[in-house]
């Protein structure tokens, strides 16, 4: 709410003060930033702190976005904590400043209707499509751990997320661990369902916002304003999801059909808003880091807390 | 388009004209009727049969038509399910959808500009370096092994580097296309130039042609077929590079549309994109063929043989 | 000047001694001279507006040796190419035997094959290589057997092309200025080789030449091509009742020289 | 390696031998010493200077050495930070690490087998179809426009299709490499065959060469330079396709190593992979050059000119 | 048989009428005949084991017309190529003038240029095209000005190559069997053209030919090459005190014919 107040107050002088440019990946056709981009409210919120937004292309996965942050090509990026842990294992030049609790219903392990796979135990010896070190591999391993199965009791088939759908549909793999970007369309248009959702397996896969170190140092107010804005929008979005879906287009690849809108709206109503990173989040992040270290995916436990910014103190 | 090995060329004797046998017919009256013993009508083995322009276009459309037909049959019979490749009808619908919401026209314009720009830059560099490396010893020493090394670095692996050097904007994408297209042109150009007829180069040196005149009047014309096949390969590669380039933080363009389609499992849109890429390639190919014909008039003399 | 070029089919004589072929021996091939080997009627040939052959007719008997004279650009090569099946007529009828061999105006050796392989090209059988070696010896190029065509001198290349024709036994032999690049001595030797081949196999021969003496020396019959027509057709040259050198030069437009 | 345009060829008069001027020297005694007026020593403009084998290798190593030097300077001066491209020292360390833990040898073996297998299949198909399309009219009609259409479809976009058709195993990977390498070979082969010297084809037909003999003795040798440049382009493309192919469920291979490196932001390993790809390319290129020299003995006669 | 081939530099006469060049007119170029135009000493040339030139020496004066005779494969073309700067000697010294022109044994026309452009190749200036047109007219190919080389007959191509040499004014003209593919009449015309060029510009000429009559007709001096040496060197041919046709044929190995 503070963000909206701020933007209302600053609308008068928004014309001249926009000397800071914040580069953010394009939000696409849905979500809080998408609507903010369309209705101009984001511009106003940023103008209040003398900033304007430059939309770069879609960042896609977090790994390339992290490279761009390191290279100084991007200021803010969004991703999952799982991929962030991987990127933080190196020498990052960015910090996490906000997180949204795991998407309870949007991520999980997809199986085909009538495939005979009723529980995680049924997956033993089957093929599951995942991508190296990403959310999907995390979800699968987490599910196996919860069911008390060894990591290698199922065959992990590493496929590019975008290439997995065709392989899954053609039956070359039996299940697909994935997240909302893919699962909504899949559940809407195919005879598929989640074998387990993130919530059921206790996923701690937060979605996080990262900012380039230098940018945060120089323009803390912009970071704070951005956080405030998204937080407020998220609350609004969870209360009333429909305006945040198909924001720009009702046709085209990234537009959801009626069934998709239905599912996405339901998922959103159960989702959580973006929040500052507090003790609870830090504890969960540490668990994810340990989970990765235990499996040798990262060299040693990544200290996520060392790369976190407390956005509530950034009122500069 | 010359038939080299087909035995099926037509009989030479074209018209059996009602002849005034007087004077010019063979003298021996016994042989005034064609003697049938063992003699044959010689067949012109190696001839240019010019197709009509319309016929040529029709023949070249055969391939694409065949492929579309196979695709149509495969989707109609369920050999290809819509989750893998959409059917022609679905694709048509998707194309209309994308056209009316403005995404397709925009993507076409953006992608064409990127591919064209990158191709133009890459081909120019490749041509220039190829001409120099192919025709001068010092050029060969300086460029060739360096180019061969750079060429061996796969451009797909260089995408992260390009983002760093050229940013995540338009420059990086055009640079990627340019780099990808430079090398086929370079290889073809330097090879074609090296294969220049040594006899003609001797003649050029004897008649005092300058370096530049030799390049323009002898090396270039002789290398043209090679240059054009380099151009065709470069054009193909420009499209592959475009796909990679438009996966980098793109907001528009066919590659963006395609990766979005993949992200949302929209095989109909995916297929539209693939078809458009195919059409791009075909059109480029046809244009280059036409250009080649125009640029090499001496290669299409009928019955020429010396 | 003896010649032992044998054809590949003639395996019985392939390893006999040099000189066993006698130019005076009775020639079986010449018995059916009356039958035509080449038969043309109303043949037209144009390049664009230019009429190269204007409704010409021609008949060459088996075993007949015809020399074709004509100015540069008059269409001699074009006629030869039509008989070889390399160019098509615009109108009219042509009949030729199946087995034909051509010596082109340029050597046309395959650059990627050594000299010996260039001679045996397209031939099969056990004795082909021996025959080709003999032919190369005949044309004086035994030492160049393993040379690449690109290293041959002009006359050497022409002799390889000749050897390539000599190892075959065609029913129609088409020769397009085969001796043009040869010195006087080599030329005489090569002319003898061709004459010898004719005696042994009796093909019909059409020889294009610019050398009137050569035509008089080798041919039974001399034809002069000009403006699309055969303006002269002299027979019985070797029998002695042919034209004189001056007559022919006159037909070719050379009036002053004799 | 022929110097076509350089004016810097050496002087022809090689040895000024102490001459016994008697008899063979020019008759005019005034001219027994070389007359200096305006005459020049002719220079052989166009000659093959054969480098020693060692010299040739040294010359070809110059390019790679230059590139490594530039890289080294860039990382040493901080122009390239380690986030972007690791320094030679880091890369060396990473290479040692990967080699000792066995990942690199395994990756090399696996990737080489994939690239080699795919390349062999792709090049064979491309060559065969190219020879047919280039040399027969019916082949041209049947294959050419279809191949041009297929060629225009970017293989990167077809990866999902490959997985559906060939599964997620080795077959799909090799098939992808094969498809990617077929087309450059096809374009080069059909182009080179179409450019066969018509005069030689006429000679072949006159001397009764069979189709097969014509292809083997005339078309193939004439097309060899073109075929080899197709092979070189195909070899490059095989590596690019390998990268895409090894993203398919790969558990070993260079592509796997590379995508892992990207996931973990290990630019040192990434650079090792890029360098290995580069080395692959260079070695393939050198091998193909050597093969070309061996296969075309008639093209390297000294002073040959006819 | 008049000739009006002018060099590009001679702009004053470029548009004058045919026939204004008189073969009898006094020739300024011939005044410094004594100075050499070609100078060879101890020149060796080998291909592998074969010795082509064995320590030969040769001097050709300015304006001198030398005919070079020799059997096929004796090394005539090799010598010419060395003088043209296309082959290198294995040992010895060569000196030649800067401005040289070659008519190769084959026409060597640029396939990608039309006939006219093939004649003007490498020349600059306003009158070049006019001069080239005149030269083409002289060699009887005015109508083929816009033809592609690939469509020319053998003799036509050779005449274009000749025209290409005629439009230049070299100090040394190297001719490698330039008339071999021409019929008797055309050959006479072309020989006259070359003779005319010599009268006007007085280049040193080295003509390789197989035609002894041609050598006697055109040359001041006749050299015979054999086994790597110049075995004959006859001077003063045109003055009348040269060898006979039979002498030369004898040197070439033809004993029977006369």
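In order of appearance the chains are A, B, C, D and E, and numbering begins at 1 in each one.
Here is the rule we go by: a contact is a pair of C-beta atoms (placed from the backbone, for glycine too) under 8 Å apart; a residue touches a chain by one contact, two chains touch by 3 or more.
These numbers come from a predicted model, not from an experiment.
Asks: When you check each chain against subunit A and subunit E, which touch both of them?
Replies: B, D
Asks: Busiest chain-chain interface by contact pairs, anyone?
Replies: B-D
Asks: Per the centroid of Cα atoms for each chain, what is the distance between subunit B and subunit E, given in Å?
Replies: Roughly 45 Å separates the two chain centres.
Asks: State, to the nearest whole Å, the distance from the C-alpha centre of subunit C to the C-alpha centre of subunit E.
Replies: One centre to the other, that is 30 Å.
Asks: Measuring centre to centre with CA averages, how many angstrom lie between subunit A and subunit C?
Replies: Between these chains, centre-to-centre, one finds 86 Å.
Asks: At which residue positions does subunit B touch at least two other chains?
Replies: 45-46, 84, 160, 164, 199, 202, 205, 262, 304-306
Asks: Could you pull out the residues of subunit A that touch at least 2 other chains?
Replies: In subunit A, 64, 67, 71, 163, 165-166, 170 touch at least two other chains.
Asks: Taking each residue of subunit E in turn, which ones touch at least two of the other chains?
Replies: 47, 84-86, 100, 106, 151, 154
Asks: Can you name every chain pair that touches?
Replies: By the stated definition, chains touch in these pairs: A-B, A-D, B-C, B-D, B-E, C-D, C-E, D-E.
Asks: Could you list, by residue number, the parts of subunit B that touch subunit A in their complex?
Replies: By the definition above, subunit B touches subunit A via 81, 83-84, 97-98, 100-101, 103, 160, 163-164, 167-169, 247-251, 256-257, 259-267, 269.
Asks: Under the stated contact criterion, what part of subunit D meets subunit B in this complex?
Replies: Spelled out, the residues of subunit D in touch with subunit B are 1-8, 45-46, 49, 59-64, 66-67, 84-85, 134-138, 140-141, 143-158, 160-161, 164, 183-184, 187-188, 191, 193-196, 198-199, 201-202, 205, 211, 214-215, 219, 225-226, 229, 232-233, 236, 239-240, 242-244, 258, 262, 270, 273-274, 277-282, 284-285, 304-306.
Asks: So in the complex, which bits of subunit D are touching subunit C?
Replies: Going by the criterion above, the answer is residues 199-200, 202-210, 213, 217-218, 221-222, 224, 296-298, 301, 304-306.
Asks: Residue numbers of subunit D touching subunit E in their complex, please.
Replies: Residues in contact with subunit E: 12-17, 19, 21, 24-28, 31, 34-35, 37-47, 303, 305-306.
Asks: Taking the complex as given, what residues does subunit E use to touch subunit D?
Replies: Against subunit D, the touching part of subunit E is residues 35-37, 39-42, 47, 55-59, 81-98, 100, 106, 229.
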